[in-house]
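One structure below.
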Amino acid sequence: MKTLFILEAMTTVNQAILSSESELESLDRAIGDGDHFINLKRGCAALLAMHDELSPLAPAEVLQRMGMKLLSTIGGASGPLLATFFMTLAKAEKTSDVSTLADIASAFQASVDAVKQRGKADRGEKTMLDTLIPVAETFTQLTQQDTDRLLLLTALQQAAEQGMQSTREMIATKGRASFLGERAIGHIDPGARSSQIIIHTICELAKTKIA
Amino acid sequence: MKKFINNVDDLLVESLSGFAAAHADLVELHLEPHFITRKNKAENKVAIISGGGSGHEPLHSGYIGYGMLDAACPGYVFTSPSPDQMLAAAEAVHAGKGVLFIVKNYAGDVMNFEMAAEMLPFDNATVLTSDDVAVENSTYTTGRRGVAGTVIVEKAVGSLAETGADLAACKALGDKVNSRTASMGVALTSCTVPAAGRPTFDMGELELEMGVGIHGEPGRRRESMRNADAIVADLVAAILEDLKPARGTEVLLLINGFAATPLMELYLLYNSAAKLLQAQGLVISRSLVGNYTTALDMAGASITVCLLDDEIRQHWDSPVHTAALRWQR
Amino acid sequence: MKKFINNVDDLLVESLSGFAAAHADLVELHLEPHFITRKNKAENKVAIISGGGSGHEPLHSGYIGYGMLDAACPGYVFTSPSPDQMLAAAEAVHAGKGVLFIVKNYAGDVMNFEMAAEMLPFDNATVLTSDDVAVENSTYTTGRRGVAGTVIVEKAVGSLAETGADLAACKALGDKVNSRTASMGVALTSCTVPAAGRPTFDMGELELEMGVGIHGEPGRRRESMRNADAIVADLVAAILEDLKPARGTEVLLLINGFAATPLMELYLLYNSAAKLLQAQGLVISRSLVGNYTTALDMAGASITVCLLDDEIRQHWDSPVHTAALRWQR
Amino acid sequence: MKTLFILEAMTTVNQAILSSESELESLDRAIGDGDHFINLKRGCAALLAMHDELSPLAPAEVLQRMGMKLLSTIGGASGPLLATFFMTLAKAEKTSDVSTLADIASAFQASVDAVKQRGKADRGEKTMLDTLIPVAETFTQLTQQDTDRLLLLTALQQAAEQGMQSTREMIATKGRASFLGERAIGHIDPGARSSQIIIHTICELAKTKIA
């Protein structure tokens, strides 16, 4: 990963989150406490404000600082989880050169595993992991098969979309929505949706770089 | 949404500043990261730190002071604070005997406090409060939510810490009080998160939400409005089903307002609940009625019953001097 | 109207019963006529009795106890109590040094207390509280209303009475505190009188009522919703215009919630008001923030400033042990 | 006055008040605190409950007990005022035989004077006195002129109606409405209206007794 790409992704993701305000807000109002959008917005704003500080740094340092910043600005359930994701990515960047797609896939997988640990959660519990886990799996599989970049990115987007959609019919067993029992059925999990938006946006951006 | 605010982004800091100014004899406010500490640093005691999303005032800042908390870490409205706040607060108030975190059981609070605990260079332990019986505590859930019973945990643990007890003893008492405490709430209106600008849920003019959470999370069921005695009967039944107290057990009865319910109604609820408890042979020997764990601007209330024993009663009665609870000092 | 009640007719007695049960260590409830007395009859002191329509809780019953009131006479919601209540209360608590009535200045309260005073077989005097500067005090009106400043009068007079001071001295201190105290309130919503079943006044989603009374009486003017600093600036300006305190004057600042306004917002109002007072060179040496004189279920708040002197400060600081105000005991 | 008539009037007035619920309530909501109807209703109910206790008693005793009951049940501003009215009527009954119309007129006048004193108020202050004072004046005048009973009763009703209506354009200088200043203009005073209803109802009842 390149710092430039990370920073560009940061800006685009911020825009994508901002333009999903009403949707994210109403998802978290329905099965949570209504603040998921605000939390993400605060985190994104804090990251954007670091842009100039980050741009000269190496990717590992960039990701680590982003994680720490998210940790101290988002709060809530999503704060430590997203922070853990970034900080694990940073660790991967630091320990080995993450250059091939397979490297990225395995760093991504490690980060998702760290999120699972932090949240004591797994697939099927109606959380952001229902987006992240299938994406990680697809990523690993398709890079092993040496798939075309464009197809890969599209497949990741599809995995995210399907994972996110799959939360609709789930009962939540982690997070705030778990207090609802059956009443959570019929609503997409806000964290699953925001993760999907982030992945979708980054993949779109990556597609423009393929040329 | 009509609220006394200047703008949503400044609400928290302006409110904290007002709190700190109004209680300058008791507390000190620190910003970025935000935390509030007891004015005169206690010596040689376990530091008791709580925190959580804002919007539940006086929880937790209102309980900082002699006999209760050493510090509180306020998050944004309904959003768990972040680990840097807990680390800075612990750094400020630790006094050589370790740090006890009192955390309401919500995924966000648990994870943020957990990360803080992992990073903390001092001995520490955590009491998770989980008194809300509206949540069926089946094995596959996150477990129950921590609600108004947290106040009783903070009072008891704060009192014990004041005696110089060690970290393990404080943690043990906190866990014991939590296990003997059960709460359930009911909402008559939604709350409105300032940043969202509109009610968290829609509620008909003749509806109520039985088992609502203190963040406006939906509860056990939506029902038609009923009279107070009928509502209280359901709340008390759920609480007693959980606690299963023997006849003759001594209890503390807390009627907690969610913010917008007048004291007049809270006392009516007390009257109704007390009769039911007494009819079950319970002895109400301690009482608390008022807004102690609120849900922004929600109209509604919760009932909390804590099964007392000599130890808990003694730590409830001991002197306390905070903004929101004060006696014998 | 959604309220925790069983039926409107029983609301008052059920609520009073709950209050008396929750504070059985402090107070005793008497019914028909309704009045509440301090648990342990004080000896050899002026008996301090207040009362008024219900719906302003904790005023007045919440202020019964050591260092404040000896008895309170609760009327029906927003309706002055009747003389038989005052007579029975006086009979129960007089202790050889006469009776001082503390009465908020409303025609109904004044006349009912006056008739009681005329029939009373003991020495008695009355302090009329009239701190609401929303009412322009022109000669042809009934004069200003008594609102949250009443709490300060009751605290000071109750403290003095505890020292064994005589009736004239208690009355004089009450009048002095009242003359040095000014308040003004603002409503964001109407209140709903339970028996009426619907809001006392209509209020648009973006309106506020500046100078509202604690019964939902219209105030100085209806305005568009503004930010908190702007609202506070108007309230503080009206208060200071009335009190005209010299720079350097020491004051008590009370931010009073009308019931449905969260503590978080009240502290934000405190922050805003304190800055303005300090900018005028005033020294805020005592503070109180919370629901102390409410207006049923109204969202809104009032600001009260009391000009302290050594005597008033001392009587504010002295020990008090009541359901709603407690310190040093 | 006869006890029988007083008790009959009590019953009829109660009905009249009950059927004016929404009007009285909204008048007091507009310029007061909304409880005037409830206060009166409570007072009336307490009087009705005394019916059997009162029926064997002499008029003076009946009026005195009614006054005391109103004093202890109505509360508010209207309680002591209405109680004072009844207790002054009782005094008149006790000290002299109130039998002629002129006697009743002078007892009525004395009672209105007592209300003025208790309320430290007079005509033109937008209170119940704006109904009561003109009625008392008309009563005295017409009984001096020995007017026909039916005409007299109608004249009293008209005086009450005009007096009540006159409060509409007044600024209040007594009672809760005085806090409103100019904003009270345009609203009839609730106490003026309830007094007018009471007088109107009693006069109607008296008319049926003329035959």
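Labels for the chains are A, B, C and D, by order of writing; each one numbers its residues from 1.
By our rule, a contact is a pair of C-beta atoms (placed from the backbone, for glycine too) under 8 Å apart; a residue touches a chain by one contact, two chains touch by 3 or more.
Here the structure is a predicted model, which is why all the values come from computation and not from measurement.
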Query raised in the report: Measuring centre to centre, with centres taken as mean CA positions, what chain is farthest from subunit D?
Result: A
Report summary line: Whole-Å distance, C-alpha centre of subunit A to that of subunit C, is 55
Query - Centroid spacing, where centroids are CA-atom means, of subunit B and subunit C in whole angstrom - result: 29
Query raised in the report: Roughly how many whole angstrom separate the Cα centroids of subunit C and subunit D?
Result: 32
Query raised in the report: Connecting every touching chain pair, does the picture come out as line, ring, star, complete or other?
Result: line
Report summary line: Given the complex, residues on subunit C that touch subunit D span 33, 53, 75-85, 106-108, 111-112, 114-115, 134-136, 140-142, 145, 193, 195-196, 200-201, 213, 215-218
Report summary line: Given the complex, residues on subunit A that touch subunit B span 25, 29, 31-35, 38-39, 42, 71-81, 83, 118-119, 173-176, 178-181, 183
**Report entry** Residues on subunit C engaged by subunit B in the complex (per definition of touch)
**Finding:** 2-7, 11, 14-19, 21-23, 54-55, 57-58, 62, 188-189, 205-206, 208, 225, 227-229, 231, 253, 255, 259-272, 274, 284, 287-289, 291, 294, 296-297, 299, 301, 326-329
